[in-house]
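Shared between the two complexes below is chain A, which pairs with chain B and chain C, respectively.
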Partner chain A sequence: MTSRDRAAFLAIGLVAAPAALGGVYSVAAALGFAGAGAGDVGLSRFIAVLASAAVWRSVAWTLAIAAVATVLAAAAAVAVAVRLQASRAGRWLAVFPLAVPHVAAALAALILLGQSGLLSRMAFATGMTASPAEFPPLVYDRVGAGLVLAMAWKEFPFLALTALAVLDTRGHLFEETARTLGATAAQAFRLVTWPLLWRGLAPASVAVFAFLIGHYEMAALLGPSDPTALPVLTLERSLDPDLARRGEAHVLGLIALAICVGVVGLHQRARRAAPEAS
Partner chain B sequence: MAVLRRAAFRSLVALTLAAPGGCAAPDGRNNTSTQVEIESLAGRSWDSVVARARGTTVLWRMWRGDASINAFVDGWVAPRLGERFGITLEAVEGQGPEIVNALVTEREAGRGRGTASLVWINGETFSQLRQERLLAGPWSGRLPNGACVDSASAFVARDFGQDPAGYESPWGTVQFALIFDTARTPRPPRTVAELAGWIHAHPGRFTHDQGFTGTTFLKGVMYALAGGVDKLQGGFDEGRYASARDTLFAWLRDLSPDFWRGGVTYPTEVAAMHRLFANGEIDFTMSYNHNEVVTKVRQGVLPPTSRALLLRDGTIANTHYVGIPFNAPNPAGAMVVADFLLSAEAQYEKQRPSVWGDGSVCARAALPAEWRARFATLDGDHLALAPDSLRRYARPEVAPEYHARLVNDWRRIIRGRER
Partner chain C sequence: MTRPGESGRAAGVVTRPADRAVLSILFVVVAAPVAVLALRALSATWFYPEILPPAGSMTTLVALASDARLWRAGAVSAVLAAATGVGAATIALAAGRVIARAPKAVRTAAGAAALLPVIAPPIALGVGLQVVALRAYVSGTFWGVLFAHLVPATGYLTLYFLGVLSAYDWSLEDEARTLGAAPHQVLARVALPVLRPRLVEAVVLGALISWAQLALTLVVGAGAVRTLPVELLALVRSGDDRLAAAAALALTVPPALAVSLLARGARRTGTVA
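Coming up: the complex of A and B.
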């Protein structure tokens, strides 16, 4: 092992230590060794969580919401990066939501999309609906429409920045060459730009997805009470009036961790399997 | 490398699991240095407690979710404690369940003193802190201002049916009330039965939140449907709970299709209810403080025609307390703060509707004449409920297990639609 390797291991260790420590503590608390309501050591908390239909609804719903929001944000990012790469104003507009805090974005979504919100009032004023209550429920709804839109809007600028950076460093030379050689715009995108883009964009998209799996504020303000988003359910359990159930929050945390590790692993495999670009 | 990794993992496990046990003596009391200090203070005069507290800091972990309460604590209590007792008061965020988690973590982290000297608690939190031996005491019996406490009142002397036993000191009382808008609902329902009729007649205009306030509403209905709170008093009883819960859930199954959003979704917190009410999406909100409507109308959060309403079947009242954690760094300072909170002037200031509207725990008769007169001026607020009807319809909390069980059963059976 060279000294450079050792330094790298040390750095990785420093970064990973807090997460590892938290992970070990969560395992201990989930087994009943530590935390509020410790005792009754064993797998009872895992069994209670994994046997609950509400937990599985929560996991499936949270996965779906995070996946759809990530796909929407990534698609918008690609479109903006390809179309507006040369436009200064376009770049500014794309980056703007980055400065808005998540809570503020969620409250804005409530004011805009709620049944007593701006869109509902406009629909009522223009006679599109007979009463504000007729406006389709876009927040606290089971489909999670408002939540997905708010999440996608909030994560889009991060992905757009990444996509723009990829194109800025590698993009146009190859694309211009392809066009000079007679490729159509669509062909140039499919054969040249996209293969370059996805490699740069995929890690950022994985980060966004993992973030949304664990993101609390927007889910709490815009999500329905059933299914309950995984982070909301986790906090609910960690503050459960029954002390003996608080350890279940750590089981839920470990589920979220497993999902994120799984997605990172899938991404690594996909990268290795895909042919090297350029 | 592998050996190194394994060793590192082992020390990590050891580090996380090194929860120091042995905090409690066999008789159930703590033997922490905080406990020792409280016991030694018990043998000394109150003046020497005050002298010991001078020049110290008291960190108070409390619910910080209400601007009026924060303004009272930071802008009125803190400066007076500084001027008169040389105490620096620092109020920090931490609701009941978080206080329990924080103290458990502090105990696991190691010996020595913790961070908070005073905690705002009641009910289930008090029960859990006592069960886990996370409170120091007894100490509240020696506060000079404690003489005013209305010990004849069932609402002050028992905390969710529990004896405070000197481990917490009362500082305020509140009573649950529905809030409605006289402009929208000129003739509101006055009983649980009338409320059910009203909900059926006005689909989509009623709901309750999933937090503490909403659970308290459900508990009040559960008492009424069970034939009165007397049926549920005297400690937790599985059979009586199960039958009361089943009656309540049958009532909810009948009504919830006519709740807001068809009872498919519920507001997370009572703040979300206030928003829906102010925006005209629902016709009732609720509060576990009968005077919140007064402060919120004055702040412009609720419409000016909003009023509080007590259902005649009875509404739940309770008392909030302060406790001293087992590892409090400054128990003497905490006792002085708890005593100041019981002073007539602090109790009066807190009860003013323009300040907070929190009920006093002092018996009027136990107060000096001038303070009796000042308290009497608070009774006539046209937005507020009359003290007579508050007293008449007040019902006590029952054992904390009812609350914990109802929260989880509601989440599973009603919210999660399990049978």
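Coming up: the complex of A and C.
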């Protein structure tokens, strides 16, 4: 091993060591070797978490919310990239939500989508509802509608930027060639633009999905208390007055980490296996 | 004349009705959340079923400006963001420079390693880092939170610099060395001037990651380190929508300015349309 290789490994260690050390401590705390409530060494915390129906409900709900929000954000990003690639105003608007912190966006969603929010007032003004209670609950609801919309709003710019970058570099030229060869606009989109876009968007969409699985603030402010989003449940357990239960937070954290690493790993594997992976 | 990256399609005004419709919808969807925050912050009262507040009021902005707790939180957030931006960019540049010249297998391993703090959910990362911070006696302190913010920011910026350095012309440094420059002279006189725009972008990106960070601050700060996002969360939970909306706008302005500056810088250097 050359000195350059050793320096590279040292650099890798510098970047990844704190997170890896945190992971190791999480495993130790989940097994009862470290952290608050340490002492009862064993798998009891893993068993308690994995045997809990509430935890599995939380995991399934979190995955579903993250998936729907990612699909919505990706669909909006594709629509904007295809329709507004040439528009400077469209590009600026598409990027703007990047600047709004998640907690601020969640507050805006509360003011807009709450049962006495702006949409509810518009429904009242147009005679669609007679009171706030008649407006469908979009926040704190079990379906997570408001949470999904807020997450999609916040993640859409990243995907729009990616989609625009894909079209800027490759899409337009191929599409024009297809049109020159007689393809209709719909055929050019279906056979040329869409395959390019989804390949280019897939890594960013996977990153957004993994990010949303672990995202805390919007889930805490807009999500229901049952089922509880996985990050919210993790923080609740980490602050539990019963110190013995705090180790369960580490188990939940490891579950979230395993899901995110698994999703990214599966995507990388599928990408390598794809015949035309770019 | 077209800018680089536009592939011959002139950036400008949309003319097709369908495109105009998409642009209009996009405007409403993007502007509505920011508009309701502004309306809420600038209204004394805004009761159901009023569509718009009956009268504007500056009392909330005055309250925001005279709230010492929020100013303190803003200052803590600003110092954390600046320290995270500078610290993470420095570490990531140093790591990136070493990794970028390593063999492909090492670069691949480095990419995966840098991805770990990026994809790890903040709460999951936070509960692990909290134990590290407790052991180092910095849990619930500014330094503990700074350490926690540096972890994902360094991961993001290492990936950023690995991308930047993949197109970097190392022969410039080799030539300077051939002409007798010492390593620190090569860094100061060649590398940093060439990489300065990217370094500035990295500092801003790192600062933005810290500025909006809530989950890691909550877990590692243990409620004792009060940043602007932490105070905003407390205001929302206490039901003070008016002051919360004003604080949310205050939280949004610096990133909005940073994104605009980055976009302007990128346009000037021709990296984006």
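A few comments on the model shown:
Note that in this section the second predicted complex is superposed on the first by the 262 of 278 C-alpha atoms of A that agree within 3 Å, B and C clash if a C-alpha of one lies under 4 Å from a C-alpha of the other, contacts with A are read in each partner's own complex, and residues count from 1 in each chain.
The criterion applied here is as follows: a residue touches a chain if its C-beta (ideal position, glycine included) is under 8 Å from a C-beta of that chain, and two chains touch if they have at least 3 such contacts.
The structure presented is a predicted model; accordingly, all values stated were derived computationally and were not measured.
If you put the two complexes together on chain A, you find that chain B and chain C bump into each other.
Contact with both chain B and chain C is seen for A:S116 once the two complexes are overlaid on the shared chain. When both complexes are overlaid on chain A, the residue A:P137 reaches chain B alone and has no touch with chain C.
When the shared chain is aligned, chain C comes close enough to touch A:F96, but chain B does not. By the touch criterion defined above, A:Y25 lies against chain B and chain C together after alignment on the C-alpha atoms of chain A. Using the contact criterion defined above for the overlaid structures, shared-chain residue A:A54 touches chain B, although it does not reach chain C. Of the two partner chains, chain B is the only one touched by A:F33; chain C is not. Annotation for chain A, partner touching more residues between chain B and chain C: C.
By the touch criterion stated above, A:R245 is placed in contact with chain B alone, chain C being left untouched. By the touch criterion defined above, A:L173 lies against chain C but remains apart from chain B after alignment on the C-alpha atoms of chain A. When the shared chain is aligned, chain B comes close enough to touch A:S225, but chain C does not. The clashing stretch of chain C relative to chain B, chosen from 27-35, 117-125 or 135-143, is 135-143 in the chain A superposition.
Touching of chain A by both chain B and chain C, each in its own complex, is seen for residues 20-21, 24-25, 28, 34-35, 110, 116, 132, 220-221, 238. Those residues of chain C whose C-beta lies close enough to touch chain A in the complex are 5-14, 18-19, 22-23, 26-27, 29-34, 36-37, 40, 48-51, 91-92, 94-96, 98-99, 101-103, 106-107, 109-110, 113-117, 119-132, 134-135, 147, 150-152, 154-155, 158, 211-212, 214-215, 218-219, 229, 232-233, 236-237, 241, 244-245, 248-249, 251-252, 255-256, 258-259, 263, 273. Those residues of chain A that touch chain B in the shared complex are 1, 13, 20-21, 24-25, 28, 33-36, 38, 53-54, 57, 110, 114-116, 132-133, 137, 140-142, 220-221, 224-226, 228, 232, 236, 238-243, 245-246. Residues of chain B touching chain A in their complex: 1, 8-9, 12-13, 15-17, 19, 95, 97-98, 100-101, 104-105, 108, 124, 128, 131-132, 204, 210, 261, 264-268, 275-276, 279-281, 400, 403-405, 407-408, 411-412, 415-418. Partner chain C is touched in their complex by these residues of chain A: 4-5, 7-12, 14-16, 18-26, 28-29, 34-35, 79-80, 83-112, 116, 118, 120-122, 124-125, 132, 153, 165, 167-169, 171-173, 207, 210-211, 213-217, 220-221, 230-231, 234-235, 238, 249-250, 252-254, 256-257, 260-261, 264.
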